[in-house]
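You will see chain A twice below: alongside chain B first, and alongside chain C after that.
Showing the complex of A and B:
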């Protein structure tokens, strides 16, 4: 078992729900309330130095009674260690966990993808919006087990929606709001931009 | 003293009596004398934020696929960059939940399609960890050969297309000539060139054919000459150097914090190579070096990848030298099909074959994350099984995706033309990013 587990248990006590080894990989299940503290400790402590975030993802089981798992794969490059952190979200509970973006900048897109695919809200993420699907996508979260393989809408409805999306025709509000000039634009131009009309002429 | 603005047009410049270009007085006073203007006060607010949003892609050859970058420009300098991905999204991970383990292997060809053999090997390793299978020594070496060949293929595509992006055409042709040679090798091995589906859970789709080893030795002998040729042509070329040095640099801490992997993080001076740090397929027994850069700019990434090509040839030579005889597939009836001749002549083998194909092998419940060093970086497959023939979750850890997420940080403050060079240096494959 990964030696970090012992230190995690000493430090966080009952917040470390479970730790087990499967196929040589150490899984640590932590309570969602301390996740960010655990990650920050693992990143900063000189004895741990988990400085590399490999992956953020989630697992939902086919058995609807099992909790949904949010999974972080951490690596310590100096000590060559690998650790899998998990937070369990019980069925019916809101899908919210803390974002680790403040510790690892690499979590940005990985968390956005987990949000896009599972609907997990990462609290504290600076720019949590869909990434692989377009922003107006209405069918839900595709990797959830209640999402049918071919989608919720009929093929024709999906085609209509996809054609209407036309993502190149508009700059999203996020893009415009980061342009500092936006507030200084004339009111009518701002209105056109908000409505998503073509700009740049 | 009163001043007045004199409007001039560019066409009014001429030569004075001495033949020197006439200087145009911008401000003259009432008497006609030129006066110095005081420095301008703060610009008017409406002039200040005159940034332009421009859109590169998704249909643009220099974005290496359907990547869309929205750039906010101040003049020609990039102030902000917002990448948009997802144009190729087709739900690989969702589809994988409805497929048996061996049926997923063809899907792994199609995500990072420049590295199909490497993906096949990585996925098979993840599945084998779930099943608890130890592969045969011959299979291990064959997989190393497959991974290094695919690394060379992918780096050659990167090299060729990046040379085109930065203005050199010839290395592209040299690189693709060699790549063709590797495709011929793969075709003789498995019958396919691009989408190889080379591995099976517990072994390989086929053993290497007669003559493969000799052809591979020929390749190992000839290929370093091509690298040297490209090296002579490009590495000290003034245009190349001017467009790559100091562009898109990431410091070592930043690169690790952003989760960069592969040549990207090594160019920044972090010697993180999954083959060395978390070895698999007996990579720890091969003698090879991990090149690292110092500044992490586009030029360092180029140098690192050039050296990786040479190191891959070294690994290939060692792998060919140690290739043992013996079976390729494990003797494990849970995952390996009986020989076709038996399946058509013996009832037990026929039933076994039928159940394998129709139901699929069942791993015990559990999970495995196997990461390999793909040409793009740390490529991971995370499989979760609940004991049924189909995985509960098949997660791809896409190195290009995480590497690309740092592009806003890399292009900030650079010129528009540098965006192309930086984007090329990340070595993205949109099939892997969008999945």
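Showing the complex of A and C:
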């Protein structure tokens, strides 16, 4: 077992729900209220130094009675350790957990992806919007077990909505990689980009 | 477009009342011959089929034999859009804009099962065939099609081009969505989109 678990238990007591080893990796289930403190401690403490957040994701089981798990993969490059943190969200409870963006800036897109696919709201995230699907996507959260494989709308409706998404009106100039060409753009296009006009709702 | 049965190359049907004059047919032939042998592809490679498309363009299969070695990464200068790979719904407006930026005459090849029908990806995220977004001339089956398959599709497209008649204006008609719907993109916006990137400002859609 990863030696960090002992120190986590000493420090956070009952908030560390359980810890187990599976396939040589340590999984620690913590209660959602202390998550941010646990992550900050693991990142900052000189004896831990988990300086790399490699993934934020979630697991929903087919059995409706089982809780949904939000998962953080932490890696300590100096000590060569790997630790998996989990927060359990009971069925029916709101899907809200703390964002670790204030500790790891790399959590930005990882949390957006988990939000996009599962609808988990990361409290404290600066810019929580869809990342893989387009922003106006209305059908829900595709990796949830209640989501039908083909989506909720008919194929024609899906196509109409996708075609109406109007990408150049939604993204910033950096995202469209035309920031360098800004001076050469036609005047009215420049105007629309500067005003940040959003169409295609 | 729809699927029509392929005409038999060796069977000639004659309808004297619909014949064109000698000059017209020769001119058609000349124009079609030059078009068919210099189809510049706009590669729209989104997935594994694109790897096979690269193999087709590389030296062993050598697209240059068909006058297609010049990949046109500006849609303004492309003649044939080759969609190699699956198109997710998020890319649907992109491929549509690329198609709208291409100037006439233009053709489209749908390469592989995914581009033609969605293939095995019958899911919430994937367009079930790009012919729901743009008109397609040739469908190449396979997952992925071998380079020979794609070349066969290209040769079919060349045959199709050779049979075009200038007189037939319906070939160049583009169906636009209802201007009141939010699917409609005015030609001026299409021009504006590609203007900073193209190397010729006169190749805009509204100037033709």
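FYI, the second predicted complex is superposed on the first by the 168 of 201 C-alpha atoms of A that agree within 3 Å, B and C clash if a C-alpha of one lies under 4 Å from a C-alpha of the other, contacts with A are read in each partner's own complex, and residues count from 1 in each chain.
Simple rule for what comes next: a residue touches a chain if its C-beta (ideal position, glycine included) is under 8 Å from a C-beta of that chain, and two chains touch if they have at least 3 such contacts.
All values derive from a computational prediction rather than experimental measurement.
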item: Touching partner for A:95 - first (chain B), second (chain C), both, neither; value: neither
item: Partner chain(s) touched by A:109 [first = chain B, second = chain C, both, neither]; value: first
item: Contacts of A:61 with chain B and chain C, given as first, second, both or neither; value: first
item: First, second, both or neither for A:162, with chain B first and chain C second; value: second
item: Partner chain in contact with A:149 - chain B first, chain C second, else both or neither; value: both
item: First, second, both or neither for A:71, with chain B first and chain C second; value: first
item: Chain A residues touched - chain C or chain B, whichever exceeds; value: B
item: Chain B versus chain C as contact partner of A:139, first or second or both or neither; value: second
item: Chain B versus chain C as contact partner of A:23, first or second or both or neither; value: first
item: Chain B/chain C common contact set on chain A; value: 132-134, 142, 147, 149, 167-168, 178, 181, 184, 199-200
item: Residues of chain A touching chain B in the complex; value: 22-23, 25, 27, 51-55, 57, 59-63, 71, 73, 75, 77, 80, 82, 84, 104-110, 113, 117, 130-134, 142-143, 147, 149, 167-168, 171, 174-176, 178-181, 184, 199-200
item: Complex contact set, residues of chain C against chain A; value: 89-90, 92-94, 96, 122-125, 127-128, 132-133, 181-183, 192-193, 195-197
item: Sites on chain A touched by chain C in the complex; value: 132-134, 139, 142, 147-151, 155, 158-160, 162-168, 178, 181, 184-186, 188-189, 199-200
item: Complex contacts: residues of chain B adjacent to chain A; value: 45-46, 48-51, 53-55, 58, 68, 70, 72, 80, 82, 84-86, 89, 91, 93-95, 98, 129-130, 132, 254, 256-260, 270, 272, 277-278, 366-369, 371, 378, 380, 382, 384, 386, 388, 392-393, 395, 397, 401-402, 404-406, 409, 434-435
